[in-house]
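In the part that follows, the structures are each spelled out as structure tokens.
There are two complexes below, and they share chain A, which is joined by chain B in the first and by chain C in the second.
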Partner chain A sequence: MAKEMVLSGCAASAQAAKMAKVEVICSYPIRPYTALMMELAKMVANGELDAEFIYGEGEHAQLSVVLGASAAGARVLTGSSGVGVTYAFETYSPIAGGRVPVQMMIADRALDPPGDFGSEHTDAMSCRDQGWLMGWAENPQEAFDNCLINYRVGEDHRVLLPQFVCQDGYFVSHIPGKVLLPDQSQVDEFLPPYTLPHPLDPKHPVSHGPQIRPDQGTIMDLQRAQAHLDAPAVIKEAIADFNRIFGRDYSPFVEEYMTDDAEMAFFIMGAHTMTARHAIKHLRSKGVKIGLVKLRFLRPWPTQEVAEALSKFKAVGVVETSTSYGGAMRGGNLLHEVRASLYDLPQRPLTTSFMAGLGGEMVPLKDFYYMAEILSKMIKEGKTKKTVHWVGFEAEA
Partner chain B sequence: MASKVKQITVWARGVVQDKEGRDIANGLANAAKKEGKFTQAFDNYVDLPDRVNVPLRKYARISDEEIEERYEYENEKPEVVIVADATLVKGINVLRGMEKGGVLVVNTDRKPEDILKFIPNRDLLKAIVCVDAKGICGEATVDFSGSEGGVDAVGLGAGMAAPILGALVRGTNLVKLENLAAVVKNKEALYKGHEQAVVKTL
Partner chain C sequence: MFIIPKEKEVPLGCITPAPVTEQPMMITGNWREYRPVIEQEKCNLCMNCIVYCPDACWQLNEVEDEVVWNAKYCKGCLICVNECTTEALSKAYELDFEDGVVRLEKPF
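Here is the complex of A and B:
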């Protein structure tokens, strides 16, 4: 029987890692992800979890330690936040390119300057193109679930990719929410033991990450790209099994809320989806035909699913929560990919983006009402006047 | 934040009362949950990571309906303010944001009149409750197990939080004493706090 608990996202992730029987953990403190390691350290100290717990001397070391451990055949976990995530940047490509399925929990945090410990997706988003699987959790339950789902997908020999398992700092990492802890037998049924096709083993020597000639480089890039093409089928299998074993109702890539007859929608990922649902409920009661589409996997980007989900609307507002300074849309990163996904459709919705939830700001109901107003106006006028709206910093809609 | 959500703010001292402060917020939320309410209890993120004796805030929210803006960082309009260390009232406007008709609960061996002298905006209060929690169960428990987003490994309300919660019931109708008794560890201290609390209606 699943056990209901009230846990923060950090504590939920620690419980998930414990039930996944993680074998090597490497820590280095930074808010807000730190409680993940605090919880795991307690579990190891109390004898509840049989794992090597290693204190890294920095994030670069953390990732290097788990790379070695994972390459030697251990299921591993590390994590970080904000500038910690970017400090380890050098290691992300070797890990993905080496096809070593390390898992890293990111409780996101705004990058400096100035020192800001609030949530923002920019830290992890900056690492999105290195070949890792990646997605955000909306609440502690999803943080728990995503840990298991990502181990299963990333370690699958058809995929073999590391995973950034992200959650919004503070909003998800610190604010406790309801979490159903499954039985160990359910987790064991879902998640097979970790194996690597060619692990580091003194009895069977292999080379990982040697120097190569230029003519050997492209093929490795192609293989890494192919792994992202192969991952969706594995994700679908994993989600189907997860839903069956744990009694959940996840869609693999995009989830829709009140979209049946919607003229417009928010496109969103992570914590603020919760507030957006409440905003939609209230807008609906006033007759506004609005829904939302939530993204569960940013990498691999579900091009077709995004196109299909969004094609039925007249206008889509992308809630960004990250920055792409000087980018094509002048705002965040998501609208670039949303527009690219829609490009080949014969009938495209109008699209714009909303810069919200930056620097740790929450996105209150009234901000979603403001966004809905802009989308209504776009539909009325039949065009997108601006591709980016800095919510709360505009003179008029 | 919709006004139907009742906000309760706890002021405590960093590190030495971190767990106590959190226990007060959690105890209140857990007891209210037993009464079928929607609740939230969480640390003020901005006050953390705490340092020894720095003022810090813990929050509880109680509502008849689902709490929609769970991510509001702070309780902007607390109806009830609980001060776990009386000396905090000297330097801090603990009632900030309170609308007229609120309640203040203070852990102190002094009389309500003595505490009120340090509250310049005391006209906001409809009642003040004083309780000598330290006298009832001794020094604050020092425990680091639940710091910064973690889970408390030791029970809730083993220390000073229990008598303070007991006293709270004397000045408010947020939760019933028996539901607090069901969630706190030191029930004797809870009841003693309830009995020994000094209430002054204003």
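Here is the complex of A and C:
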């Protein structure tokens, strides 16, 4: 029977991996993601999960181990945080290019500036262009669900891409929340067994990851680009099936909250969405017409869905939890893509961005009120004065 | 949709049937600057060249009882020359051969 439990994001991800019948796991410790491996190690030790549990000697090894195992036909899981994610960077492109659908859980941690352990999306965001599917969970329930959804989409033969399944460190990975654990039969209905079109098999030998010629490189880039063009249809199918089987109400790419009559909106992903919802509730009670649009998949970026969702507002504030030093907007990464998505619209909302939740800082209600104030001012003045606001550090609004 | 010309097609993820003898998708012989040359009468069939070649470009011809060089794939690393126990192998400049690889005609 389906049951409700109170689990941290890491524990929820472990439960999901167990129900997905993951076969090979490779670990290397770094907080905050480590709690995932602690849970899985316990499950394997207690005989609840029949999986190979391998200790990597670093994150590069972790990814290499799961690449091999996945290429041999095993459903795999690995994970990391912060500098662990960047230590394995070399492996991300060949895994995606080789079309091996490994899953990596990232519980965000700030990259060293030096030595920060708080949550910040920059670690995973730095890897966003390597061809992996990618998205953030807002809470432990989504951490659980996204694990299953990503296996389903990534392993689909029309897609065959690895997946970064991200959750904010601590805010999601360590703060327990209600998680509805489904029946195994529901998971089995949703997630077919993993197969690869050309697995490593001594009876039918194939070469994976061979040296290629430069004139083959473009074609392989094209294949990966095509997979990202094909993925949205598969994501839609998977989400529809997920909603039907598990009784959820997910929209595939962007989720809207209190946007019906909203003049302005936050564009946000991950843990701080929860605080934003509460801020919006309070602001609404004071008559501020504000809502939010939450991004569920960063890769493939849902250009059309973002444009459609945001086009109805007068002003949009992108909440950035990552840095893009020296970038066009002088702030984070999301505003670049949001603006690019809106560019061809006949009528575009005013857009700006807010640097918030960096280095593991909380984004309290008052910060969202401040952002709402800026958005109101932009609407009143009819223009974007600044493309980035460092919340709490601005000389003037 | 994209159009990929037939002659440029690459299998998904470049996952190819494992070569039983040769991999036609990856000819590396034109990387050579030097090639190993064998003097068969000095060779005692110690098989070091076969064992040490990273690309399996030395093979034993059991009928003739001699080792045979594969010009199509030998990159000219000369490890075999180094490992040869009887100095049967020596290096020779590629362009001194009539069929020598003209490296710049197609660089890869």
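Heads up, the rule we're going with is that the second predicted complex is superposed on the first by the 397 of 397 C-alpha atoms of A that agree within 3 Å, B and C clash if a C-alpha of one lies under 4 Å from a C-alpha of the other, contacts with A are read in each partner's own complex, and residues count from 1 in each chain.
We adopt the following convention: contacts are C-beta pairs under 8 Å (C-beta built on N, C-alpha and C of every residue); 3 or more make two chains touch, one makes a residue touch a chain.
The shown structure was predicted, so the numbers you read here are calculated from the model rather than taken from an experiment.
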item: Combined model on chain A: chain C and chain B, fit or clash; value: fit
item: Touched partner set for A:F190, first chain B, second chain C, both or neither; value: neither
item: Which superposed partner A:F253 touches (first chain B, second chain C, both, neither); value: neither
item: First (chain B), second (chain C), both or neither touched by A:Y92; value: neither
item: Comparison of chain B and chain C by chain A residues contacted; value: B
item: First, second, both or neither for A:I219, with chain B first and chain C second; value: second
item: Chain B and chain C, minimum CA distance [Å, superposed model]; value: 38
item: Intersection of chain A interface sets (partners chain B, chain C); value: none
item: Of chain C, residues touching chain A in the complex; value: 2, 4, 8-10, 12-19, 23, 25-26, 28, 108
item: In the complex, chain B residues that touch chain A; value: 40-43, 45, 48-49, 66, 68-73, 145, 147-151, 153
item: Contact footprint of chain C on chain A as seen in their complex; value: 97-100, 160, 197-198, 205-216, 219-220, 222-223, 226
item: Touching residues (chain side chain A, partner chain B) in the complex; value: 7-11, 31-32, 34-35, 38-39, 42, 117-118, 170-171, 173-177, 271-272, 274-275, 278, 362-365
